[in-house]
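The following pair of complexes shares a single chain, chain A, combined with chain B in the former and chain C in the latter.
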Partner chain A sequence: MPDSRQTLAIFSILTFSIMAILPILFLVATVFFNHFLAPTNISFTELQLLFLNSFFFSSNVTFFTLFLGMGLAWIFTRTTLRHSFIWLGLFCLPLFIPINILANIWSHFLGNHTGLNALLLKWLPSTEPLLNFSPWFSASLVQIMSFYPISLLIFYAAFLRWEQHWSEACYFSSYYKKLHRIVLWRYYRNYLGISALLIFVFSFSDFAVADMFQLHVYATEVFLQLSAYSNLSGALILSLPIILMGIIYLFFIYHWLEHIPLSNGYGNNRQITLKILSPVQTTTLYLLFLFLIGMIIVLPISYLLITIDSWTNMGQLIQLVWQDIILSLFLSFIATTICLLLSLALAYSISRKLKPMGIWIRLFLLFLFILPSSLIGIAYIHFWNQPYFPDFIYQQGWILPFALSLIFLPIAVEIFLLQFKKLPIVEEQAAHLCGISFYKSLRLAILLRLTPVIKIVSLICFIFCFNELTISLLISPPGLSILPVRLFSMVHYGSQSLIASLSLLQLLVLIIPVFFLYRYNLSLIKKSQEKKGL
Partner chain B sequence: MLKRLLLISLNLIILFNLSSCDSQKHEVIIYTSVDRHISEPIFKYFEKNNHIKVKAVYDTEANKTTGLVNRLIAEKQNPRADVFWNSEIGRTLMLKEQQILSAYNSPNAILRKSNYRDIEQTWTGLAARARVIIVNTDRIQDKNIPNNLVAFTDPKWYGQAAIANPHFGTTGTHFTALYNLWGEKRFNKWLIALQKNKVTILPGNAQVKNKVSSGEYAFGLTDTDDALAAIKEGAPVKIIFPDQNSDGLGTFLIPNSVAIIKNAPHPVAAKQFIDFLLAPQTEELLASGDGGQIPLSPNVKGPDNLPNTQKLQLTQVDYKLLAKNFEIMLKNYRTIWTN
Partner chain C sequence: MSLTIKNLSFFYEQQAILEQLDLSLPAASISAIIGHSGQGKTTLLRCIAGLEKPTNGTIHWQNNLLNTKSKCIPSWKRNMSMVFQDLALWPHIKVKEHLQLILKYNQNREVINPTAIDEILSTFEIEAMSHRYPAQLSQGQQQRLAIARAVISNPALLILDEPFSSLDERMTFKCWNYLLKWQDSVQSSILYVTHDLKHTIEQTSHIFNMENGKLRQQEQ
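What follows is the complex of A and B.
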C-alpha cells in the first residue's frame, strides 16, 4: 500500500509542478530579470487607500454572501421544508450566469432612466430618477448574488455531513450546551473559514463587476497595469499584498484543520433531528423564498426574455455558434476531469502527509487562486511557447484544458482536503490488512463516501471552466472558436436583444446538460436502491 | 498493453504534427481586435481569392480588446502570429515601441497620406472610425444639440453626458491626441471642467452607446460604428460630427492599423494579406459593411450611412506621437479624476 500511495503523491506533485508551479515561477523569474521593480504608475498613498477601500468592499460582500448561503443551506438541511432539493437547484441558478452578463443586466435594471426607474417614472409624475443606486451598492449586490451559491453549496455539504452522534455525545456531559457549542464551532469553522476565504478572494479579484459600475478597486488597478500600461511587473507587484493577506489567513485555517477532533463514522444512519416548521413558519419561508427567487433569478431571466425581440434570432444564433458550443463543452469536460483527478490526488497526498511539502503546495495554490487569470495565461505563454518544445503543445491548444483546470484547482483541493481530513484512516488500513489494493480501497472506501462532494465540485468546476474568458482568449490556438470568446465579442456590437439572446443561450447550454446528468444520477440511485431491495 | 498504448499515442502525436506541418504552408495567422462580424467576411473573401487559409484569433470588449496585445508581447520570443490587425492605432504604436513589428512597404500603402502610415513602414492605417457625439433625440431637441467637445463642460448639460474610460481603446487614443494638440494646461483644464460638470465615465464606448440609446444620458462621446449600431437597432439617436466650425478642432479619425509581426512564421502569406487588406476594394467592402468604416485610400466610396467624410473637417494630429504621451495623459487624468 505505501508504494502505491507514494506513487500517487509523486505523480500528483509532478503534474502540479508542470501544470502550475513551473509556468508561474518562470513568469516571476522573467519579470524579475527583465523589469525588476518597474514603477506601477500609482503612488503608495493611492495604493493604500485603494487596498483599504477594496478590503472593506470585499469584507462586506463576504459577510452578506456567507449569511445568505449559510442561512439557505440551514433551512434546506435542518427543517422539514418540502421540496428542499428543488429549492436548492433554483437558488444555484446564478452560478450558471457569467458575472459579466449579470452585471450588465443589473446595471440596466438599476440605471437612472432604465429598469426600475423607468417603471417608476411611468407611474409617478416625475422627470428625475427616483432611485439612485450608488456604484458601491450595485456592485455589492451583483457580487453577492453571483457568489452566494458557492457558500450555499459548501454549507449544504457541511450540514449534510454533520453526524447526530456528535451532538448526542455531548448529552452525557453536565455542561452540555457549552460542549455542544464547542463541538459545533470546531466542526463548522473550517467550512466557514474556507468559504470566507474563497468568497473574499473572488470578490477582491473580480474586475468585471467593478468595471461595469466604474468602482475603482484593487482588481481594476491590477487590470489597468496589465491592460492599459502593459506593465506585467506592476500587475505582479500589486498582487503581492493580497497574497500576503491570504497566507496569513491560510495559516489560521491550517491551524484549525490540524485540530479536527471529529471524524465521520461509517454506516451511521442515525437521522439528524429536523426542526418541525409550523404552517405560519412554512408560509413565511415560502414568501421569503419567492421574494429571493424573484429578485435573484426571475428578475434577470425575465429581463432577458423580455429583451429578446425576435425568437428567430435565437435560431440563427444557434446555427452560428453550435460548433463553438460543442467545442466549449468538450474543453470544459476535459478541464473538469483534469481538475478533479489532480485535486483529489493532491488533497489526498496532503491530508495523509505523504510528502512533507503539503503546506507549500497549499500556499502555492492560494497564490494561483489570487493571481489574475490574465497573468496565468501569460505565464503559460512564456513557459510553453518555447522553440524547443514540440509545436503542438502550444500551437495546437493542448495546454488549454490544463490552463482552464487551474482556475478551479485551488478551490477543489481545499474542499477535498476538508473532506479527507474527516475521513478516518483506519478503514484504509483495514482494507490493506485484508489484502485489498490501494486503488481499490481508495475507490470503495474513500471516493464512494465523497461522491456528493465530488459531484458538487465537478459541477462548479465545469461552469467555471466553461465561462472562463481571459485564459481562453490568451492561449486558444488560432482558428479555434470558443463560445465565451465568441459571445463576448458579439456583446460589443450587438443590440440589447442580441445580448439577451446570447446570455440566455449560454445559460441554457450549461443548464441542459447538467439537468440531464442530474436525471441520470437520480435513475442510478433508484436502480441501486431497487437492487438493495429498499 | 502499456507499451502498445504508448506506441499508439506516439504515432498519433507524430501524425498530428505532420498533418499540421503540411497545412501550415498555406495559412496565415491573424490576431485581430476588429469586431468579428466585420473582420470574418474579409477573411473569407481573402481565403476565396488567394487560396490561403486564415486562422484568426479575435479579441473581446470584455477585456477592453487588450488581450491580444498582451499575447503578442508574451509571444515575442517565439512569435506565432503573422499579422496584427488592430481596430485602432494606439496599441499598434505601443507594439512598435516594444519592437514586435516588422517593416513592410505594401504597394497599396503608398496610395494613402503619409500621416496614415509609418515612416519606418511597420504599420499602415486603413478604414477609420470617427469619434462622434451620439445624442438621444428624445432628450435633446434639434436646436440645442451639442456639436463640440466643449459642450461636455457646459453647465446646461450638468450630469447628462457620458464618456468611455480613457485608459482603454479609442477614448485613450482620442484623449492623447487632445493632450498633444492642446498641451498639458488646456487639457487639464478641460478635464477639470468635465469632472465639475459631472460627466460620467463608463466602461467602454458600447456602454456609452447603450446608455444614451436608453435615455439614461442625453449624449455621449463614442465611435461611428457604435453610433451606427444604435441607429440600426432603432434607438432614438443622432450622430453629430463634432467641431465642424471653421475655427473648430475638427473630428478625430481613428484608423484601423495593420502590421506584420517580426519573425512571423508565414511572412509571404502575411504580406499577401496586408496587400489585400490595404487594397481600395477591401476598404470599399469595409465601408459598405455595418461598421461604416471610413476609407483612407483616395477615390474610394465612403459609407452610405454616414455623411460624406471626404468633406469633413478633421483634427490634425500626428498619429506617430500618440504612443509617446499616452501614459502622461493618463497620469494627468488619474490625478484630476481621483481627487
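What follows is the complex of A and C.
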C-alpha cells in the first residue's frame, strides 16, 4: 500500500513541476540572466502612483464586497426569512456571468451618450449628458457585483458552521457579552481574512474591467508591458510589489486555512436561535432583495437583450462562431479534468504522504494564485516555445488547457485539503485491511464521499476556465480562436449589437450545460430517495 | 436550602419533557441524576443553568427566584457553570486560551490566582497540550479541558452533563478527586448527570432517578 501512495505522490509532484514550477522558474531565470537591467519605460514615481491607485481601488471593492456578501449571508442563515435557499441561488447567479461581459454592459449602460444618458436625453431638453459616472465608480460597481458571491458563499458556510453551544459556553461568564464577542471574532476572522484576500487578489489582478473603463491600474499596465512593448523585465518588476504583498499574505492565509473549524458538532447539535422577522421587516427585505436582484441580474441581462438590434443575425453569428464555441467548451473541459485530477492527487499526497514537503507545495500553489495570470501566460510561452520542444506543443495550442487549469488549481487543492482533513485515515486503512487495493479503496473511502464537493469544484473550475481571458489572449496561437478572445477583440471594433449578441451566446453556452447538470443532479437525488422509499 | 425547584414543567413543541418536577438540594452538596436516555435529564440541567426557559414552575437558587413568567435571570448572573454533554469547546481557540478567556471575562477574576491556569492544566494532565486546538486533543483530553474550563471560574454550582463518559478509570478517578478537592475548598455544589455511579457514589449525597420527566429520590 505505501508504494502506491508514493507512486501517486511522485506522479502528482512531477506533473505539477512540469505544469507550474518549471515554467515559472524558467521565466525568473530568463529575466534574471537576460533582462535584469533592461530599462523599463515607467518611472518610479509613476510606479508608486499606479500601485497606490490600484491598492485603494481594490481595497474599496473588497470592503463593499465583504459588506454585501456578509450581510446577505447573515440574513439567509440567522433570520426566519422564508425561501432563503432560493434567494441564495439567485444571488449566486453573477458567478455565471463573465466579468468582461458585465463590464461591457455597464460601460454602455452608464456611458455619456448611451444607455441611461441616452434615455434621459430623449425625455429631457438637454444636449449634454445628464449623469456623469466616473470610471472609478463604474469599475468598482462592476467588480462588487461580480465578486460578492465569493464572500456570500464563504460567510454562508461560516454562519452555518457556528454552533449554538459555542455561544452557550460563554453565558456563564459575568462579562459574557465581551467574551462572546471575542470568541465570535476569533472564529470569523479566519473567514473574513480568506474572503478579503480572495476578493482583493481577484480585484487587483482583474484586467477586463479596468481595460473596459480605461482605468490605469496595475493589471492593465502589466498587460500593456507584455503585449504592447514585449517588455518582460518591466512586467516582472511591476509584479514585484504584488508578489511581495502576496508573500506577506501567504503567511496569514496559511495560518487561517489551518485553523478554520471544520467539524460542526460533537453530536447533539442545537438549533441556532433565529431572529424572528416581523411582517414589515420581511416585506422590506423582499423589496430590498428584489431591488438588488434587479440591479445585479435583471438590469444587465435585459439591457443586453435590448441592445441586440436584429435577432435574425443571431443565426448568422452562430454560424460564424460555432467552431469557437466548440473549441472553448472542449478546452475548458480538458482544463477542468486536468485541474480536478491534479488537485485531488496533490491534496491527497500533501495530507497523507508529503507532510514536510507538502507545506512548500502549498506555499508555491498560493504563490501561483497571487501571481498575475499574464505572467503565468508569459512563463508558458517562454518555456514551451523553445527549439528543444516539438513545435506543435505551442503552435497548436496544446499548452492552453494546462495553463488554464492552473488558475483554479490552488483553490481546488485547498478545498480538497480541507475535505481530506475531515476524512479519517482509518476509513482507508479499514478498506486496506479488508484486502481492497489502494486505488479501489481511494475510490470507496474518499472519492465517493467527496462526490458533491468534486461536482461543485468541477463546475466552478469549468466556469473559470471558460470565462478566462488574460491567459487565453496571451497563449492562443495564431489561427486558434476561442469565444472569450473573439468577444474581447470585438469589444474594441465591433458594433454594440454584435457584442451583445456574442455576450448572450457566451452566457447561454455556459448556462445551458449548467442547467442540464442541475436537472440531472436533481433526478439522481429523486431516484436515490425513491430507492430508499422516502 | 440552596437549590429548590417547584412544580417545574417544560414543553417542547407541545410535548412534555419535564412534568411538575420538584427538587431540593442543600448548599455545598454533591447530587447525581441518573436515568435512561431521552428522559429529560439534560433539559432539567439546561433549565437550572438558564439556557432554557421553563414553561411552568419556579427555580430558587441562593434565596433568589431565578424565573417568573415574565422574567428569567440570565446564565451569567446565576454564578453557575456547566460542562456540556457535547463539551462545546471552541474549536478555533487554543487549550490555554480557553481558560485565560474565562478568567479574563469573569467577575471573580480578582480572587483567582493566574497561576491557577497552569495548576489546573497540570492537574488534568493537559499542560503539554496547552498550545493545541481542541481538535488536536483526544476525546478524553477534550473532556478534561471542558471540566477545567467550568471549574476555573469557581462557580457556586457546577453542573455536569455526563462528565466522565469518555475518560478511563484512572482519569475518572483523578478528575473526580480533583473536583472533590475543589468542591471542599470553595464549598460549591455539584449537580451531575451520569449513567455510571461506580466511582462517584460514595461521595454523592443525593441521587435522583429520572423517568418520563419526573424525579424520584433514591436511597443510596
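One rule holds for everything that comes next: the second predicted complex is superposed on the first by the 375 of 534 C-alpha atoms of A that agree within 3 Å, B and C clash if a C-alpha of one lies under 4 Å from a C-alpha of the other, contacts with A are read in each partner's own complex, and residues count from 1 in each chain.
Simple rule for what comes next: a residue touches a chain if its C-beta (ideal position, glycine included) is under 8 Å from a C-beta of that chain, and two chains touch if they have at least 3 such contacts.
All figures in this text were calculated on a predicted structure; none of them were measured in a lab.
Of the two partner chains placed by superposition, A:440 touches none, neither chain B nor chain C. Contacts of A:526 after superposition: neither chain B nor chain C is touched.
Residue by residue along chain A, chain B and chain C are tallied for touches, and B comes out ahead. Once the two complexes are laid over each other on the shared chain, residue contacts for A:214 go to chain B alone; chain C is not touched. By the document's definition of touching, of the two partners only chain C reaches A:172; chain B does not.
With both structures placed on the common chain, the touch criterion links A:275 to neither chain B nor chain C. In the superposed model, A:83 lies in contact with neither chain B nor chain C. Chain A uses no single residue to touch chain B in one structure and chain C in the other. Contact residues on chain A toward chain C in their complex (touch as defined above): 163, 165-166, 168-169, 171-176, 178-179, 182-183, 186-187, 190, 259-263, 265-269. Put simply, chain B touches chain A in their complex at residues 13, 16-17, 20-21, 29-31, 35-37, 53-64, 66-71, 73-75, 77-78, 80-81, 94, 98, 165, 167-168, 172, 200-204, 206-207, 210-211, 214-216, 225-226, 229, 232-233, 290-291, 327, 330-331, 338. Note for the complex: chain C touches chain A at residues 49-51, 74-78, 80-82, 84-93, 101-102, 104-108, 133, 135, 149-150, 153, 155.
Of all the residues in chain A, the ones that touch chain B in their complex are 41, 46, 100, 108, 111-114, 208, 211-212, 214, 216, 224, 226-230, 232, 374, 377-378, 381-382, 385-387, 390-392, 394-396, 469-470, 473-479, 485-486, 488-497.
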